[in-house]
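Letters A, B, C, D and E name the chains as they come in the text, with residue numbers starting at 1 for each one.
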Amino acid sequence: MILIQIAMLLGFALILLGLYGALTNRDIIRMIVSFTIADTGVNVVLVSVGYLTGREAPILDTIPVADAAARITDPVPQALVLTAIVIGLGVTALMLAYAYRLFRARGSLDISDYTELKW
Amino acid sequence: MTFLTLMAAVLALATLGAALIALLTRSTVVAVLAAGLVSLFASVLFLILAAPDVAMTEAAIGSGLTTFLFFFVLGRLRREGAKPQGTKMEGSK
Amino acid sequence: MVSPLLILAAGLGAAFLLGLLRQTSERAAFYVTIAALGFMGFIALSWTVGLALGDALPVMITTAGTAPPFAINLFMGGMEAALISVVTLTGLLSAFYMRKDLLRLGRRVMAVLLVLIMALSGLIMTRDLFNLFVFIELIVIASAGLILLSRDTRALGAGFKYLVVSQVISILLLVGVIFTYHANGSLNIDDIPARPMVFTGASLAIFLVLIALVLELKPFPANGWALDIYESAHPGFSAIFSAASGTAAAFAAFKLFDVAGPAWLPLATGIGIVTFVGANLLALAQSHDRRLLGYSSVGQIGLVLMVIGQADILGATLPYVAGGILISHAVAKSGLFWLSGLVKGRELSDWAALRDNPVLIVAFATFIAMLTGLPPFPAFYAKWALVHALMANGAFALTAAFLIAALIEAAVLFRWFGMAIKRESRRAVVVNLTYEAVVLLAMGTSFVLSWIWGAASGQENLITLVPLLFALLFLPLDIFPAKAKNLLAIAGLVVWFALSFHGLDPIRLVFLIIMVLGGALLLLASFHAEGRRMGFYTPAMLMFAGMALLITSETSFQFFAAWEFLTVGSYFLILRGHDSEPHALSYIVFSLGGAFALLAGFALASGGKFTFFVSELSEIAPQVAPYVFVLLAIGFLTKTAVMGLHIWLPGAHAEAETDVSPMVSGILLKAGLFGLFILLLEMGHQTLYGIDLTVVLVWLGALSAFVGAVLAAFQEDAKRLLAYSSISQMGYAVFGLALMNHLGWLLALMFAINHFVYKSMLFLAVGGVKERTHTKLMYKMGGLITLMPYTFVSVLVGIIAMSGVPPLSGFGGRWIFYNAIMSTDLRLPMILVFMSGPVGFLYLFRLIHSIFLGQPKDELRMVKEAPFWIVAPQMLFVAFLIAFAALPGMILRRVDGYIGQIFGDQPLTWSGRIVDSQFGTWNPVAIWGVIAVVFITILLLLIWMNHNAQRVKQFNIVFSAERPFKPQTTHFAWNFFAPYRKAMGFLEAPIATGFWTGVSNALHGTAEFTRKFYTGNGQTYAVQLLLFVVAVYLIVLGSMGGAS
Amino acid sequence: MTTRTAIPLVLLALLGTAFFTLFAGYVPDAELNRTAAYYANQTVAETGAQNVVTAIIVTYRGLDTLGEVTVLFLTAAIVGLVLAHSKAPKGRSGSGFLPSGELLTTGTRMLVPVILLFGAYVFVNGHLTPGGGFQGGAIVASGLLLMLLADPAERFSHGLISRIESSAGLTYVILGLLGMILAGGFLDNRILPLGTFGSILSAGAIPLIYILIGLKVGAEFSSILTSLEETEDAE
Amino acid sequence: MSSFPNFAWGQVPLALLTLFIVINYGMIMTALVRKIGARVGGRYGIPIWQNYIDLLKNIALRSKISHGVMYYLAPVFRLTGGVGLLLFVPTIYGSDWHQNFSYAGDLILALYFVFFGTLGMALGAGESGHPHSAIGVSRGLSQVTMAELPLALGVYAISLQYQTLDITQIVAAQQGSIFNWTLFTNPLATIAAMFAFVGTMMRSPFDVVIAPQEIPIGPPTEYHSSYLALMQTNRVLFPVAKTVIYMNLFFGGATNWAEFAIKVFVLYMLTAVIGVVHPRFRVEQSIRFFLKWGLPVGVLAILTV
């Protein structure tokens, strides 16, 4: 129980910290770094939600199939997190590529320099 | 159980610490490394939370590949950012 | 039917396949892309058709051989199929459209495009919450990739902002998803139970999911990033981003709101309407075409969200309504984005380049009509159904907000269209056959969709109406000479009259004669036009179609559709005028505003029933009746240009072409009058807050009659003078109708007939003068009587008739007027009407004096009589006026009898050619006789006395015993009624204009101020996004606190 | 504190309260919910996989996974696109801050095959043990990464990477479609016999798919990394 | 001929007789009024037959020019307006002789026919091309718009009062006693109408339209010879015809020529008296005057009926 709470709070804290960094850091690279932290936070929250206190990993090599329902933890969030992690990497890579292109175009990594489109 | 909890608590604190470092440090390189550390700690936490698959993935992708991606881009940026100041204004048409 | 999964498989498979092709064969890659998109589109379309025709049943597609919720499942139903068709076909056409850029960037970008379309289709089909997230991420990433297609370097910044914002959204979404899963034990959307709107536990989780999906819809004001994309991206991609992505995201939101339960609908409603209003408002301040389209997209999707919020009200019609708006938007918006690629400049006025290619102008008009929900396009039916549902459920404020925002949107779009038609194009249109083909396909689709929506409407299918088709027929016929088309148009009107006049009551018959036969008569004047006169006949016939249908309409739907037809047709006609751009705009805005009032009125009257006979207006419940009356009256009064709602009229009528002015003045204004006839016929006296509304109408009519006349007297521009005169004349007619007695109605009808005749005549005459003198300013003319004698005669007869001086027909109107006011208890409004009579005399005299009398100008000494075809109808009118003056009974008697049936009295007795009332006598033949005898006698006397009078030159005048220095300066015409202006000039104070200008300025100011919100900083956008979420959260929290 | 930081702080505090409400309202399940229970009970019978998470990823939520590899595919394609049009200045290549000494080069030469082999092991055994295509793919990619670090001048054949990526993806889709024809639906793993529970060649198509995923992910990661690393695009 | 149910050829000579009487009466009366005005001003004044002299002189003038068709027709319009007005109004109540052609229409016809001559005159003056003519028209029309308003209100009031628009019936209702006159039964309407009466008789203070004492200005500026003769005829006929309407509506009408002569003279004299004691208004002043005084009285009249 406490384990879940610790993990979940950590996850939320990471999300908020990450978002704070992303919203206040003007450096594009630092924004991306912050987002990866927030992403990690989301992953932690996801896993913690699926965790059942005291249960084991959902791998049935040592656990008899018949006992599985009583002994393993919820596998679904884990599957989701796997996907989320990979997607997170994809987005991060994309943002980094964009950052590079932006820098090439304008020689700046300050997000507030890219406001020629507005209003 | 309590050991696990305690470990989780310590890990959580460490993770938070790493995250704060990532946010507060002036050096981008340190921030990237700290973010990787956050991922790494999180992957350990995933192990505690009975999620070995996730832990592996987080470690390999979240903390490993992502960090390298950052460094690669930083490297390229650094190389080009080191060029004379004149290029700063280039392309701002 | 092939499995819908193949849509996804084909998209993905083709995307992967592209990597296997040889590097050099980009062309082959392109064909693979096209083939895959075509295949996807084919599957979607075949499902759409199959489901629509009942050949197929909606199907649940399971994956992994496992039943949901344990494996991801997809659903293919009617809505899904239709929307996937939209998505895939947009993708296909855009792929064609972007061909060059796709080839330039290679197969990777083609793969990205394929994946985007695949993901959008998946987003529509999937029934799994997390799968939804995956597809959204795919869409985000693919979009970020396709933004790179643009050659605009600013697109990079836009793409990055988009990624930043998407990150925030996906965080919210994931947190929401996992807690929803925790609460329901399932990720399947169909397993989500309806929950109350509270912010604890599972409800909070679903809130996060919902708000994340709503954020994907770019709600105002958390949408700066989307606008930046629209502004900078490749138009082909923008078309996808707006049409396909918007559609899919809206459907995803719909799916979630559908299961989350009715408690959450207010959220959709609120955000939707705020977005619709806000986006359209900000669009006002835009001068960049694509950004404007972006705002419009955002607004339309907001509208769809608002419609989704009405799920409980709309019930089974929700797909029809939301789909109508969504699909209209998709087709029109993608069409416009594609069109934007053909225009080089990015200013709105640069679209004037489209004039190089009339087909593109037609496409532009089609798309705008489609977006603004004009008939016969799907959004029209949707708007109809939506407003009916809203009004029936008492959502008045929402309806008002919706209609106002829709009006702003129409203003924005039509302003743009006006610029395209009237401004000078600095750069030629891009010649690109692929672009054009894609645009034309979209245009064709819009008509097909119109047919489908019409067929499903349960009402008349507007696109199949013969008059409308007749009007549209002139589009392809536009390549023929104007004279041939004119003949066809006249024949069409006459035939339509012959087909439709049977069985009409006399009042309707009179209006039908004025509108259809009168139209044919006026079209005679159009024979003077040379060349092809592109773009004249379709709008003209559209207007006449609207009027013809208006008279014969039975249901409120037919009535309203006809009303919109005539409004739109006349707008395009008016826009043809020389300096008409701002005036046409204010015309369409006021007209649509009035039309919306009608819509709301009918909706309120029908109580939500879609088929509502106009004759049922007399049976509606007394508690709503007065409000219905007010709304409908506002609609009709806008058309008759009652004081306060009149500011559109002078410019619109004055700037129109020579033969258009009489149409819009002489004929079109009668539509409003006809509406009032119907309204008062069915509803009669209504009381609101103890005030008899007909009394209000009496006052408004009298005020218009007076102020219109005063303003007319102060005009220097001949056509403006006539336009103000129309306001005054319509005021009389409204006044007469509102008296609600037999004679009042007869008066109004007489005014309708008379006004048609003499205003058509005068506009033609003045138009003819303008053709020759090239000015409308009267003080620049003078002394034209000898040069244009026929025109002079028609003006002379016209002004005698109009001023009510015996013996011409105007006097009959006055006589009936006095008898009418004798039978009413209202007295004070008469003062205004009494005053307006002599004032009418002022402007009429000024008209004839300044143009035809006085000293001719040197430069105009050689002008010829107006063209034959302009004079000929005038002479017909003159003959008619004289006949009608002598024999009013030939028209009025039957009408009088019919009005007698309505009021159950018969105050006039027609003995022979004499008309007797309770109070007096009108013997037109005797009047003619006496006057003619006396006149001829005196004339003979004079001729006897000075038969040898010597004709002298015009400037041979005494002029205080000296010859004038220059004849030009002796024409006393400018500011002719200076003394009157000194005394009564205060009436000229532009109160109404000031008011409406103030409204317009306030809107623009708000837009200008609010858009500063969009700083262009991606970080700020992200903050705004969070601010939006938090604000919604707090507002909902607050309202819950208030409710409990 | 400036408004630039204060406003986000306030907003995040409010968002935090929303999160806290979620946290406070969270009641952990005592038992597996019905979805999880279904997987716990049926995975073995239906898919023959030991690792329930793998079964879910590859089969039950196979569509997600297909989307997931597509994300990487997209990212690789777009990163390639982005960098294709920004040729870096000529000059010394490499990430520039990691020294590539002789030791590293030699070590790499020895290590890389081992790493690649380990990666393959991970994704082949995905249905039995923790790990699978993604992890394995990542490991394979890190092998390549190491090679890049060791010898920045090293060129990878984009054509090869791309071809591996595409064929794997295409095969994945075809396998999915085969599921519709031969078994119960798209991505049904029972197109192949489920085999003996617990052995390598079991769990129907899961190992095959995970191998494809592994190859594809590995190729995609490599593609991204090489795109970012290389100064000039192959095109 | 069903359109002329009351028509008899015998009416034509009677109508001509009426016309003859009225013209001659007008000739003498207007001259007399001018003479009185002159005497009041300490001048000798014109001879009583001066109008005849002017008329004959104008007819006899040999210089005759024309500026065009409308110019030529204007005097015809003008005189037709005057003659027609007289003929559409019953002159002597109770006499079948002098009903003229009033069956052609009612009060409304009379009120609107007033404008017939005005319009024709204005058109002719316009075509003459003289700016002063146009200025005169502008002034005249501007002024009349407000001057006519109290009359319209007064007429409305009395037609409500008598519930008819028929002039004969209105006169009939006033017979019997002097106190049956509208003047006494409806003084407000009468006062309102008298504003209009004074205002439209082209006498000071409302005579800026023709501005007789200044350089020739006003619609007739360019007219001469027989044109002017016709207009002069009208100038004596029209005021009388108009006065007849007022007399009929408000002052009990006339049952014989003597009563007719007296009532018309008194009413006409009224305007003359006002003209003598009151200086000329500018147009905007007269408009304001009617707005300030005429309109409220008129409004009161229609409200109190």
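Here is the rule we go by: a contact is a pair of C-beta atoms (placed from the backbone, for glycine too) under 8 Å apart; a residue touches a chain by one contact, two chains touch by 3 or more.
These numbers come from a predicted model, not from an experiment.
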Assembly fragments, subunit C aside and the remaining chains unmoved: A, B, D | E
From subunit D, count the fewest steps through touching chains until subunit E is reached. 2
Quick one: which chains contact subunit A and subunit B both? D
Comparison of C-E and C-D (more C-beta pairs in contact): C-E
Per-chain Cα centre nearest the global Cα centre, belonging to chain: C
In angstrom, rounded to a whole number, how far apart do the mean CA points of subunit A and subunit C lie? 49
Between subunit A and subunit E, what distance separates the C-alpha centroids? Give it in angstrom. 98
With centres defined as the mean C-alpha position, give me the subunit B-subunit C separation in Å. 57
When the C-alpha atoms of subunit B and subunit E are each averaged to a single point, how far apart are the two points in Å? 104
Shared interface positions of subunit D, touching two or more other chains: 8, 11-12, 15, 19, 26, 29, 33, 35-36, 39, 51, 53, 61, 64, 67-68, 71, 74-75, 78, 82, 85, 130, 134, 224, 228
Quick check on subunit A: which residues sit in contact with 2+ other chains? 9, 15, 19-20, 23-24, 39, 49-51, 57-59, 72, 76, 78, 80, 82-83, 85-87, 89-91, 93-94, 96-101, 104-105
Chain-chain contacts, ordered by label, are A-B, A-C, A-D, B-D, C-D, C-E
Under the touch definition given earlier, write down the residues of subunit B that touch subunit D in their complex. 29, 52-53, 55-57, 60-61, 64-65, 68-69, 71-76, 78-80, 83
Which positions of subunit D touch subunit B when the two form their complex? 51, 53-54, 88-89, 91-92, 94-98, 122, 130-132, 134-135, 138-139, 141-142, 145, 221, 224-225, 228-229
Subunit D-touching residues of subunit C, taken from the complex the two chains share: 3, 5-6, 8-9, 12-13, 15-20, 23, 61-66, 69-72, 105-106, 108-109, 111-112, 115, 119, 122, 126, 128, 130-131, 134-135, 137-138, 141-142, 144-145, 148, 175, 179, 181-182, 185-187, 199-201, 204-205, 208, 1023, 1026-1027, 1029-1030, 1033-1034
Using the touch definition from the top, list the residues of subunit C that touch subunit E in their complex. 783, 785-786, 796, 799-800, 803-806, 811, 814-815, 818-819, 821-822, 827-828, 830-831, 834-835, 837-839, 841-842, 845, 848-849, 852-855, 911-914, 917-923, 925-927, 929-931, 934-935, 938-939, 941-942, 945-946, 948-952, 954-960, 964, 970-973, 976-980, 982-984
Would you tell me which residues of subunit B are touching subunit A in their complex? 1, 4-5, 8-9, 12, 15-16, 19-20, 22-23, 28, 31-32, 35, 38-39, 42, 45-46, 48-54, 57-58, 61-62, 65-66, 69-70, 73-74, 76-77, 80-81, 87-92
